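Shared between the two complexes below is subunit A, which has subunit B as its partner in the first and subunit C in the second.
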Partner chain A sequence: MRDTRNYDAIVVGAGVNGLVAAAYLAKAGLRVLVAEARNKLGGHCETAAIADGFNAPISAHTLYAFDPELLEELKLGKQGLVFAVRDMPLIVPDAGTAPIVLGRDMRAAARSIAPYSQADAKAYPEYRQQLFSLARRMRTIWWNDGKLDLRANDSRVLEKLRQWSVFAWLDSWFETNALKAALAFDAMAGSPLEPGSALALLWRASQEMCGLQGAAALPRGGPGALVQAIAAAAQNAGVEIRTGVPVTRIHIQGDIVCGVELARGDMISAPIVISSLPARRTILELADGANLDIAARRRFDRRFGETAAAKVLFAVNGLPPRLATLASGRIVVAEGMEGLVVAHGQARAGDLPDDLAMELIIPTFADPTLAPPGQHIVSVLVRPVPLAAAGWSELKGLLVERTVLAIERVAPGFAKYISAFKLVTPEDMEAVYGAGACAAVSADRMLLPWKARVGTGTKGLYLCGASVEPMDAVSGRAGRITASMILMNRKS
Partner chain B sequence: MSETRATPFHARTAVLNRHNRWHNRNGWTFASDYGDAHFEALAARNSAIVADISWRWRIEIEGAQAAELLSRLMTKDVSRLEPGNALKALWLSDQGGVRGAGVVARFGRNAFVLAASTPDIEWIGLAASQFDVAMRDVSGEEGGIALIGPYVGAVLKAAGLEANLDALAFRKVFWRGLDVTVTRWGEQNGYEIWCRNDDALTVWDRIAKSGVGYALVPAGLTATDILDLERGVMRPGRDYQAAQLGSDAHPTPLSLGLEQLIDERHSRFNGRAAWLASRASEKMRFVGVEIDSETPPAKFSSMIHEERPVGRVTAAVFSPALRKAIALVQIDVAASVPGTLLKIALPPDEHGDEQATGRIVELPFLPPPAAI
Partner chain C sequence: MGLSRRADVSKCGQLSGIGGVNSSRYDACVIGAGAEGLAAAIVLAKAGLRTAVIERSAQPGGRCATREFHPGFRASPFADELAPIPSSLYWKLGLARHGAFFLPAPLSTAIWPDRVDILDVSATSGASRLGTQVCDFQRSILARAFREAESPAPGWRFWSRSQSPAPPWPGAAWLHRTLDDIFHDRMLSEDQAAHLAAAALAGRAVDPSLGGSALHLLAPGAGGSGLIVGGFASLANALISAAREAGVEVVLGVEVSDVRHRQGRLEGVGLSNGTEMAASVVISSLDFKRTLLSLFTWNGLPAAVIRRAGEYRTNGGMARVLLALERPPELPATLVSPEIFRGPIYVAPDNAAFGAAYASWRAGTIPEQPPAVLRLVSALDPRLALVGGATMTVTLGCIPARLFDGAWTRERREHLLARALAAAEKAVPGTRERVVGAEVIVPPDIEAELGSTDGDLLGGEIAADQMFGFRPWGDPALAISPRTPIDGLYLAGPSSSAGPFATCASGAIAAAAVIADRMAGRIR
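Moving on to the complex of A and B:
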């Protein structure tokens, strides 16, 4: 059956980037259809019930890279987006007796490091200053499709970051192992020994939330609230959103895209198709290779050595005292740098790491709407974990057990408070969102111009998912930049 | 390939190699000549020669998508090839740079052999990994000899191996107890016999014996390279630097004079868009130059036209059949008209500042040895 309605563009997948791209194109006057396989919008950005009265962030749990330009241009505030927390300090709970708290106050941060190392306490403000100042200059290529213009000293630091691993980079600054491991967690999409992995820290530092550089924020109502705001903006602009309609094929004739085919057999034609699904899935599965040349295709084909992240969500009827004192931050638990290396090795080999590395947040600390009064949600991002080609069924129990044990070490008595939990494995993420693996940090990907990542070689076929961002994250930037490139191409 | 190996014919070629001159190619060692390379090259035109060609890189490609893979890879449509036939084509990088040239032979619906003078396992392997095929390098498992010259048909007949094949055809033959493949893939209008390593010496002896009456002589690499050059055949690695990366745009097929190995109607080979674009803008092309001297100019020597360098030598030899030096030259399109006179500097150590003159001719310099 052929759909008779005419569209100028079809967006495959209603993730944040897909909705953003659709909204921008519709604002420019295009007739846009968004086709989403699930009955829910937002992809990884999802708030859902894990128990009666507990609404938890199912995948992404903090926002640290959302594009400020989008907030403004799509007027998301007017659509009801409110932030419950503008920034959460990074907390290292297990350095020794007192936790290390790295907030925006550099003196306080240095004071909390001082009991473990005077040298590190002195180095940290300097480290942050150097990273943050270079990171701001990187925004020309990371926030927009611009050119890099660096001073000589910045160029030297950038060169170092792209050649060094995050392990070596942090070693060059600090001696306290727990501090280094906590800082390295943000770069753990791949191996901490991989050259260029230090760039992940720079990228993270270049982000801005609620006007604060390098912050991690929480929208009121969880990540799902952000999606609602963007979807409302898109619909106001005239975007048609259809849910429950999986796209099974992207049709290409010669080297020009001509439309998509839906699961029930409908054909919808359009001269522009934008996919917010992972590049690999789009090109190799939906577009059947997209007539890519041999070397060009290899870019999408490589998949060895990938690891993943899992979520463990707890509904708790109270917080153990130690956790209550740390609840305002994002708490990173890791067994030292060497522990991260071993964990990555085990995950890569398909085993669940003996010592899990994880980031805990307690969104109910600032957003009581998510749980019944007095009760809390503890959202745990565990990374790295194996992709486990053979299936996750055998690892599930072990993951929950090790996660609880790790939290117990930081906050004794935690297990007693658990009233319900939900586990989201990479397998679940693959099945639900169509994307389960962490794309490893690569200097190539991070420093490639947007144009090279967004285009596909097929006229009219574009990518806008997280996989074309410099790093996987909820940013919406790929959607905005893809849309602006499409509009520019249409003009010329 | 870490060490140099002996081909399965080594026991015979070593005895015949009176001056003990050897040359390596693709990891195997071959006689450079068996006494006089010029005599051997002339024998190919007057009687018959036999040459060890086990250096040829050969891979088997099998599987449901084998035809699809090769059609994508090669500049001709392999899916339309009939079993028992072969075609010659190029493979290009994404940006249209020539990576290699070779022969694709169809053994069955889903079974092919790709034979080439220079291995390119990196590229072919990468392409194969994107299709449902199995690939195997069989270069070390079989030996091959080439039979070239007007009397090779008679030699084969005397040996009881009458094949009567058209150009580029091949046939598997059960030859008095041996399984061999007889092909006409070579550039010199001759035959090739491929056999298992263990059978190689028997094959050599049978051919040598039946060749006695036709003045069959063994020929080394130097002689077969002379014959190649007389035919204007270019080889990656020897005569030009092939594209190394998937994104290399050079050398273009046109700049190497290899455009006849591209089928214009074949619509979806790798690098096609870049090839079409390069065709319009290519400023260099390949020509042959006959030189009024017996000394071939050195590789990369400049060709001077009206006091201006217009091209350079990529390969040059003394052609015993033409009794002068010949060269393959990459030259400015503007100066590439046949008949144009050029000046060439000869190697200074023997001739001082001496210059020779050359004249552009259409390739090939000579037709292949005719069959009788």
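Moving on to the complex of A and C:
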């Protein structure tokens, strides 16, 4: 059966990037259809109930890379997007002593590091200054499709970051193991020994939330609220969004895309197809290789990701005193740098790491509407965990047990407050969102121009998912840049 | 000055060279009489500099040593093969005249319990094309290192800070790539890929699926292709006799205890026997870390330099087991020809096993199945064993320099010996019952004997940030090796920018830099 309506563009997947791309194209006057396989919009940005009255962020739990231009151009504020927290400090808890709190105030940060190491307290502001000033210059290629223009000294630092692993890079700055491990957590998509993984820290520092560089923010109502705002903006612009319609094939004739096929067998034709699914899935599964030769296919297939992240969400009827004092920040629990290396090795080999590395967020601290009064949600991002080809059923119990034990070490008494929990394994993420593995940090991918990541070699077929961003994150930037490239190509 | 006292070297050690010591003042002093140090000294002496080489042990040669480990059985304790010597350097040093000859590379074999993979480097195949590419890379890296030594590249020192960074080094394309990737690109079969990975990683602690591991193809250590007629001792002897002929003073049995410098200028070296030797140039063939951290008083150096030396990573991971066999081992005749005994035999290489071994190396434990290479060294050189007997070496990779639970005790060495014998037994059944004597050499032994930090014969971890121009200086504003931030101190050996790609080359490169800097008047 042939769908009679005509579309100028079809967006596969209603993730943040897909919706953003659709909104931009519709604003330019194109008729756009967004086809989403699930009954819910937003992909990884999802707020859902984990227990009665507890609405928790299921996958992504903070926003640290959302494109500020989008907020303005799509007028998301008008659609009801409000931020509950502009910036959450990074907190490194250490049993028995005062935690290290790395917030905006450099002096306070240095003061909190000082009991651990005077040298580190002195080095931290310097480290941050060097990283942040170079990061601002990197925005020309990371925020827009621009050219890099660096001074000689900056390009030396960039070259250094390209070669250095995050392990060696942090080692050269600091001596406190806990501090290094907490800073390295943000770069833990791959191995911390991977050369070029230090770039992940630079990328992270180049981001801006609510006007603050390198911040981690929380939207009121959880990440789901962001999706609602973008979807509203897209629909206002005239985008048609259909849910529950999985796309099973992308049709290509010669080297021109001609439309998509839905699971029901419907064929919808359009001269432009934009996929917000991972590049590998789009090209190799949906587009059947997209006429690429073996070498190019391998590029999509290779090193897609060897480890993953899992989420453990706890509904608690109170916070243990130690956790309550740390609740305003993102708390990173990690057993030192060497521990991260070992954890990554174990995860890659398919075992659950003995010492889990995790990031804890208590969203209800700033946004009490997410839980019944007086009660809280503790959202835990555990990374790395194995992809576990053999299935996660055996690891599930172990993961929750080790997560609770790790939190107990930081905040004794945590276990007895738990009233409910939900575990989201990489397997679940793969099944629900179609993307489970963490793509390893790759220096090549990070420094490639957007054009090379967005295009596919097939005319009219574009990628706009997180996998074409320099690093996987909820940023919406891929959607905006893909849309602007499509509009430019249409003009010429 | 403190340097007026004459170096009374004749009292404490064996002395060689023409004329003996007639003055304690030298133009250049080379630390270490290994292949690198001797090559540097020969080049300097030929250029007319008064040069002395100071060696801690009573025998010259460094890692090119051969010793008797069991009555009647001899073997080289540290390596069975050397990285090749660039041919121009080979002739320049006059090694042929002094009796050092290289043998062509033998077959390389990988044996699994049920199958065998034999690699002949002279044949055309995906593997040998890769080998050609590696050779091209090595050649152009060395050529560039020589070029930059002779005329410092833009980027050296503050006067050129504003200039753009130097072009990438040949081979830089591999900085981020994994070995797996490289083999996959060349459509090698799984067995062949595992075989080549084993050859590239022999005696090292590396995970072939970690980014940057492809660089190991460039840096042959235990698995190079330099075999010498008559064993390593003949190379050491040839170098020594070439050095004597050139007029180099070789002082054995004396250790350099410190390098004296004042206001950033070198004045000379202090020796372990209490004497001093004045020299305005010192070439150290020790690794970067040891050179800076053990030969200098730390407060005399800029903090950035000490810091860089502290964070320079070495990762020794090689253990060697020398076995004296009462009779040569035999393979089932149906399987393969005995010809394979002339080359290395890799025991059941497998990428997953490499990964697991690397993980336990990181954790500081002895791996269950360390990657192992067997070599029947007496098949190439029958003089290494008693008549009728045989000498075999087992090179194990991923053996931690420091175990997490303490020192390398006797029991742990025996444990390692058992693992090595198990590996040998797996590839060549019947080895265990023929063993009449054995010696186990673990990374701390290598450190104690050769002075290489962590027993790392490659002079530092092979990683993107420690290669090429980065080796060992991450910041061109500090220096580009072989030059160092201390005027007059030069670095040779595998941790200089020439890397472990070739034997003798880094010494010659350091010497070339010394000569160029003297001509330009940068040093006295």
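Please note the rule applied: the second predicted complex is superposed on the first by the 487 of 492 C-alpha atoms of A that agree within 3 Å, B and C clash if a C-alpha of one lies under 4 Å from a C-alpha of the other, contacts with A are read in each partner's own complex, and residues count from 1 in each chain.
In this section, a residue touches a chain if its C-beta (ideal position, glycine included) is under 8 Å from a C-beta of that chain, and two chains touch if they have at least 3 such contacts.
Small disclaimer: the values here were computed from a predicted structure and weren't measured.
Once the two complexes are laid over each other on the shared chain, residue contacts for A:148 go to neither subunit B nor subunit C.
Of the two partner chains placed by the overlay, only subunit C lies in contact with A:163; subunit B stays clear of it. After overlaying the two complexes on the shared chain, residue contacts for A:297 are found with subunit B alone; subunit C is out of touch.
When the two complexes are overlaid on their common chain A, residue A:194 makes contact with subunit C while staying clear of subunit B.
With both structures placed on the common chain, the touch criterion links A:289 to subunit B but leaves subunit C unconnected. Judged by the touch definition given at the top, the superposed model places A:172 against subunit C, while subunit B stays out of reach. Between subunit B and subunit C, C contacts the larger number of subunit A residues. Residues 295, 298 of subunit A contact both subunit B in one complex and subunit C in the other. Here subunit C touches subunit A in the complex through residues 161-165, 175-176, 178, 181, 184-185, 207, 209-212, 307, 311, 313, 352, 355-356, 358-359, 362-363, 463-465, 467, 470, 474-477, going by the rule given at the top. The residues of subunit A lying in touch with subunit B in their complex are 255, 289, 291, 293-298, 301.
Subunit A makes touch with subunit C in their complex at residues 152-153, 155-156, 159-160, 162-165, 168, 171-172, 190-191, 193-196, 295, 298, 302-303, 306, 338, 341-342, 345-346, 348-349, 440, 442-444. Listed in rising order, the residues of subunit B touching subunit A in the complex are 72-73, 93-94, 123, 126-127, 129-130, 245-247, 268, 270-271, 273.
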